[in-house]
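Per-chain residue numbering starts at 1, and chain names A, B, C and D are given in the order in which the chains are listed.
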Amino acid sequence: MSHDEAPPTERAELAPETASRIRASIARQTLLTTLGVSVERLAPGYVELGLASRADLSQQHGFVHAGAITAIADSACGYAAYTGFPEDRDVLTVDFSMSLVAPAAHPEFVAAGRVIRSGRTLTICRGEVYGIAEDGERQLVALIQATMMAVTRMSGNA
Amino acid sequence: MSHDEAPPTERAELAPETASRIRASIARQTLLTTLGVSVERLAPGYVELGLASRADLSQQHGFVHAGAITAIADSACGYAAYTGFPEDRDVLTVDFSMSLVAPAAHPEFVAAGRVIRSGRTLTICRGEVYGIAEDGERQLVALIQATMMAVTRMSGNA
Amino acid sequence: MSHDEAPPTERAELAPETASRIRASIARQTLLTTLGVSVERLAPGYVELGLASRADLSQQHGFVHAGAITAIADSACGYAAYTGFPEDRDVLTVDFSMSLVAPAAHPEFVAAGRVIRSGRTLTICRGEVYGIAEDGERQLVALIQATMMAVTRMSGNA
Amino acid sequence: MSHDEAPPTERAELAPETASRIRASIARQTLLTTLGVSVERLAPGYVELGLASRADLSQQHGFVHAGAITAIADSACGYAAYTGFPEDRDVLTVDFSMSLVAPAAHPEFVAAGRVIRSGRTLTICRGEVYGIAEDGERQLVALIQATMMAVTRMSGNA
């Protein structure tokens, strides 16, 4: 459909230390573990997270709940911002807007977050969540526009 | 602080059938059960949902994850809208904006959602999430502004 | 209707120097002059701006255009934030969400903006725009939720 | 930078009657005339509007006011949605989120709005506003994510 919905085709590789730091930070986010979130792609300014539909993550019609869809959308944007931060900084979500454009009725989901503009303090991101059908076809289910902030890293964790 | 943050003092009672329908709908939202969400108050155009901090719901610093905070904020607004719908309608979130104003570092949370204006198709809501300290003091942690849609109820569920 | 829609009844007075600084800053915003915006109230963390309907400010049905409604909503929030800033700081809008809940078909409008939470860098505000009928009755026409940033004041202006 | 920022390269032509209807509707939006807004491109699901910086459209630092930037962003999205509506429908903005990512310090601006997903009642759009330097270089200044509604056309106008 739109050029928004296509994943980037060419991206530089992320420095291995940055990738490790992000994977360690994601591992500490116990909600993401509870939801079964997987890391699908880490690139400079771009992160993809995966989520599988599960009986204990649904809303009242059996689709995946907007709270879970939001969790991966927000986290993909937050880590996309984080890829550009110096090592002593951590990321905090200031605010975001979600549009839920189709029911999350798919077996798998992927949330793509990318940096649109990064300043010293604030980084603006956009992201999309796609439902993936059994034949691999992607359908857009949600849009996010988010403002992230770089904060001094809290000691002992990221 | 602001008049936004005070819960309503006087509200009419919700019809028992409507309250039952909402409790049944919430019970079908398995993500809310997974997160441990409780119904704290149901009134016409106003709903409060509770959430307790838990080791498996955290972000990277041990605070409750924004995804869980969003799930209760969105759901409180959705059910607040739903209290005013005819019996054959169901509620769908169109979009929402979340502002995360303080770390969700409290043992308990309550999300209040209320109807600001309801039209035939769309209902506009606002809500707040408060962290509740051990001494019972409330602190605002998040704001939501949401657009909800009334849709024809899907057969067999709500 | 909701407790959101009532204007505050008791507010401390704003320091006269701060009020002067805000009036001078508003006077430099030539778009506000072009639109005919008036200052209705300045209090700590709370600002009201007025706008009169005019033939050259309409959308396609003759109602006041959402762009003009947004201009007063955003400015009321920005100056509400500004009332709490030190003298050497200026205010910048980071982002906002507007919900347009009723047609702006009234002869007069007032936008109320107020601070919900102020941090060192960011201040979160909410606001409402009301249409005022000829008999003085107010009707809610728009909601705003906004993130403002304190920045070092640019020399020679505010 | 991002694939969001590139204008579409290939788009079908808009039916001449639809283009006429949109131009007539824009002409009735007197605020757009007051601001000096121009139609730069009309294509199915995609609209570009232009704005020139002017001394009477500024905020307190002489940059173009966010209210004017919002007016073209919202209108570009609204008309992008409108290109897909049947003849008897009109477009209404339900809500939108704006992120202001850089000062609007340029001599010219263009707002691009495009449809992301269109349903029977609601159409979700995204848009960007670019500042255009004297050498023609474009810089992103604002992002919008908007929800539009198709309503029955009001008699006698569009």
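The rule we apply is simple: a residue touches a chain if its C-beta (ideal position, glycine included) is under 8 Å from a C-beta of that chain, and two chains touch if they have at least 3 such contacts.
Fair warning: this is a prediction, and the values are worked out from it, not measured in the lab.
The minimal number of chain-to-chain contact steps leading from subunit B to subunit C is 1. Centroid analysis (C-alpha atoms only) places A farthest from subunit C. Put simply, the C-alpha centre of subunit A and that of subunit B have 23 angstrom between them.
Averaged C-alpha coordinates put the centre of subunit A at 28 Å from the centre of subunit D.
Once the centre of each chain is set as its mean CA position, subunit A and subunit C turn out to be 34 Å apart.
In subunit A, the residues that touch at least two other chains are 94-95, 97, 99, 124, 145, 147. By the touch criterion stated above, subunit C contacts subunit A in their complex at residues 94-95, 97, 121-122, 124, 145, 147, 149. Against subunit A, the residues of subunit D that register as touching in their complex are 1-6, 8, 97, 99, 101-102, 114-117, 124, 126, 140, 143, 145, 147. The touching residues of subunit D, when paired with subunit C in their complex, are 25-26, 28-35, 55-62, 64-68, 70-72, 74-75, 90, 92-100, 154, 157-158.
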